[in-house]
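Naming follows writing order (A, B and C), and every chain is counted from residue 1.
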């Protein structure tokens, strides 16, 4: 490489010139050039939404891979086209892990008409402004990239109180298609009957059930799609919700501000439960991919399986003969109101319309279409994992109806309330992460993990202070 | 070395070669074997040799992964980007090697810088976004086309072996520049073109980073992006994934079998002259 | 041509030019123009602009406002991030680059020397096989290794369980301890053939007479390698080292496709990608960032660039020194 020296010199020069330009560029801000597709109604410019032969414009719906939802949406395409001959429906599916990224890129490209979100949680507000970044959904809304749906006619079909739980600044930017319970465990009814077990109502009963299955030895006790990491974090949150319900909101705030510590007894209780929970997970669980897991439970030799209620259709698909139920993970103490353990929910599939959608009218027509009571009811029955956000919908799905006793006083899942401060270290950003625990092959005990989380939170707070001063 | 009859040394060489052959062939063999099993057979006996020979996996994977649509895109991207890159590089390398224009030396170094420059991933994205070319086939091809530093470098060296007198004769005969390039230089530089062309083809066909960034509609996916998404969706079904993998790899392997000499030559020459 | 030189008034051409004029410069230049323009717009300009964008808070969300924020991105990178994790992430980047460079080149050199032995039957086949993963690309290679390392039906898992008798073998790709080495192994597996081919080319240029003379003088293979082979192929060693360092510091395709940056496998190159375009491993602690923070990603990119530059200069100096010592 005899030219190396020359090349290096030139590179240095280029970098220095660039840095100088940047520094002398002044501090005047700028408005970035408007996105392509500002004149988005011109179909020729956007390749995503062409017209078909009959001149109907396609409504591009973007959602994550969930077999039941995607299949249903595809199945109503014809009916939608019949009802609204000007439009056709086109469903775009991406893996759940990539949905945030793809929403962002497709909105950038202005070639999508409906995007799918879940709960709009953890907005940046005055009290936490210094410690957290704006979540992506809030950036979209603040930049005016999502259409305000509050006054649209189709919203009137829904229970407004429920929908407004997912509003931002009292305006609705997404239309929720159903809430979902996900702090529970699937259990195999045949195994429970064989071993004479009943659904546990307290944490101690839950541990007793685990011990009984373990002692019997024929079946694996508990599993999850742990290789993807989040299915386990979901159960750290389930433990939080099971014990503290909506009080987690306060806990999350106090943890962020430093008023409360992970080593405080309230939170240590969560860590200890996690440690116990982890010890019953089947060997090799950290290698089981989430997409694999429902099928493994469906095979019938596993007593309990940790997942959200949305997986019920997947389990049935893998083995239509299996009999299973779902119960909320109980808290350590019984509920003060005397109810059985209740579910923690989130707003699942929620449709939003980008304001630069090339076919905005079509998008609104589609939302109108799917909000009709009969279509919506059919949707819920078919998807069989969501609870209704419209009033007076009767479901024929036994599994969904079996959840009703746990939905008398649902709380919002702890996931919506627990923050990680900016710049927090790995034990804090993966807070309540099972995978560090010794009982799952990690390096730490519950107490050590809580200690590390506190240290990381403190370090992050100090760094923020020093940076702001 | 090794021309003498040192028997232990020879045995050592053979053992090592075979061990490495195993390390390189076993994964491919395992994937091929898996792709021919039924899902059930794989779950029960993951490591046994296939007895079911379920070639149907390939058809299922082809349909489920929608490869039929993506392969057309991949062929388009690969063809356009390879031809464009080759032409652009050639038209730059030739005058540089002949010093036909002022500052040839400077230009040469400038293009070599490409080997060391940071990728510019982010400004490129912003630029493509603001040009309205985001998530379009044209935008992707513009990004993937490149006056590749290695090609300029390789061609410059190669053209020096073509006698200069040829240029002079051609220009005296009144042959236009472009005509001269197409009718004389390109045929003469064929081996170099094939080598660089194949390297470029492989690069474009295999691209996963740019296709992840720039292609978000299924209508624009290339086949590797399709494979990546497919493995995400069907990661519970290794037999299908393995079949999908071979569908994507097949054109590469065929190219390799027939063009091995050129590909390896390109790499060897690029490394040596550095 | 000499005639021209004798009468400078007749020709404006400089004396040094020994050839007759062939094609008009403007035609030649016009033909170069598309390439130069493309190179300037899509290569030089973006590379330079990275430095400029690193002083802004620009995001990937179209139409959002942005402003100059001075060194804030760099401060955030070096001060706000958890220092322990930042050190770990930079350390990972170094380990990734160092182990890939050393192991890949050592293995490549070993295999090249062996495959250069004329007595070896099947050496052409072996060369073709070792080179194969280079052409397969990240999407295919990552899928192969995901299958090989999969749990609980993958061959490695079953090997650990049934042959090594481990009771509860780790799930390699979802383990904080083993995922990163596994990705490094995959990277080496993929690129060893590339380095090997460059070594082979250098080896084939060495005259057989040299070896024969050495063997007649009673040297063994070991001595021949150190005294004859290595010094003669030193330029190939330099090239391979540089290519491996630069390549491995910047490459993240396999990390992105195998672990998606989870389980402490993210290197600086992966952090840049994840920060700019979304995904895990965007921060040193393995988390994600909200929105596509492309200004911040540009700053990370500059840190990486300076790192590459420094390492290249240092390694170049070391290689020079080693060459002089031989």
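FYI, contacts are C-beta pairs under 8 Å (C-beta built on N, C-alpha and C of every residue); 3 or more make two chains touch, one makes a residue touch a chain.
In this text, all values refer to a predicted model and were calculated from it rather than measured experimentally.
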Considering B-C alongside A-B, which chain pair is linked by more C-beta pairs in contact?
B-C
Centroid comparison with chain B (C-alpha atoms), farthest chain:
A
Would you kindly tell me how far, in whole Å, the mean C-alpha position of chain C lies from that of chain A?
36
Hey, how far is the Cα centre of chain A from the one of chain B, in Å?
38
Report, in whole Å, the distance between the mean C-alpha point of chain B and the mean C-alpha point of chain C.
16
Give me the residues of chain C that touch two or more other chains.
47-49, 52, 58, 60, 62, 150, 239, 242, 277, 305, 309, 312
Give me the residue numbers in chain B that touch at least two other chains, ranges are fine.
110, 113, 115-117, 129, 213, 235, 274
Please output the residue numbers of chain A that touch at least 2 other chains, ranges allowed.
1, 8, 11, 32, 35-36, 97-98, 105, 108
Show which residues of chain A lie in contact with chain C when the two form their complex.
1, 4, 8, 11-12, 14-15, 17-19, 21-23, 25-32, 34-36, 38, 97-98, 100-101, 104-105, 107-108, 110, 133-136, 139-140, 143, 145, 226-227, 229, 283-284, 286-288, 356, 420, 422-426, 428-430, 435-436, 441-443, 456, 459-460, 463-464, 466-467
State the interface residues of chain C toward chain B in the complex, per the touch definition above.
19-25, 27-29, 31-32, 34-36, 38-39, 41-50, 52-53, 58, 60, 62, 110-111, 113-120, 122-123, 126-140, 143-148, 150, 153-155, 158, 189, 194, 197-198, 200-202, 205, 208, 211-212, 215, 220-221, 224-225, 228-229, 235-236, 239-240, 242-243, 246, 250, 252-253, 256-257, 272-273, 276-277, 294, 297-298, 301-302, 304-305, 308-309, 312
Note which residues of chain A are touching chain B in the complex, please.
1, 3, 6-8, 10-11, 32-33, 35-37, 45, 47-48, 65, 92-95, 97-98, 102, 105-106, 108-109, 111, 289, 291-292, 295
Per the touch rule above, chain C residues touching chain A in the complex are 47-49, 51-52, 54-55, 58-68, 70, 75-76, 79-85, 150-152, 157, 167-176, 238-239, 242, 260, 262, 264, 277-279, 283, 285-287, 289-293, 305, 309, 312-313, 316
The residues of chain B that touch chain A in their complex are 109-110, 112-113, 115-117, 129-137, 213, 216-220, 229, 232-236, 274
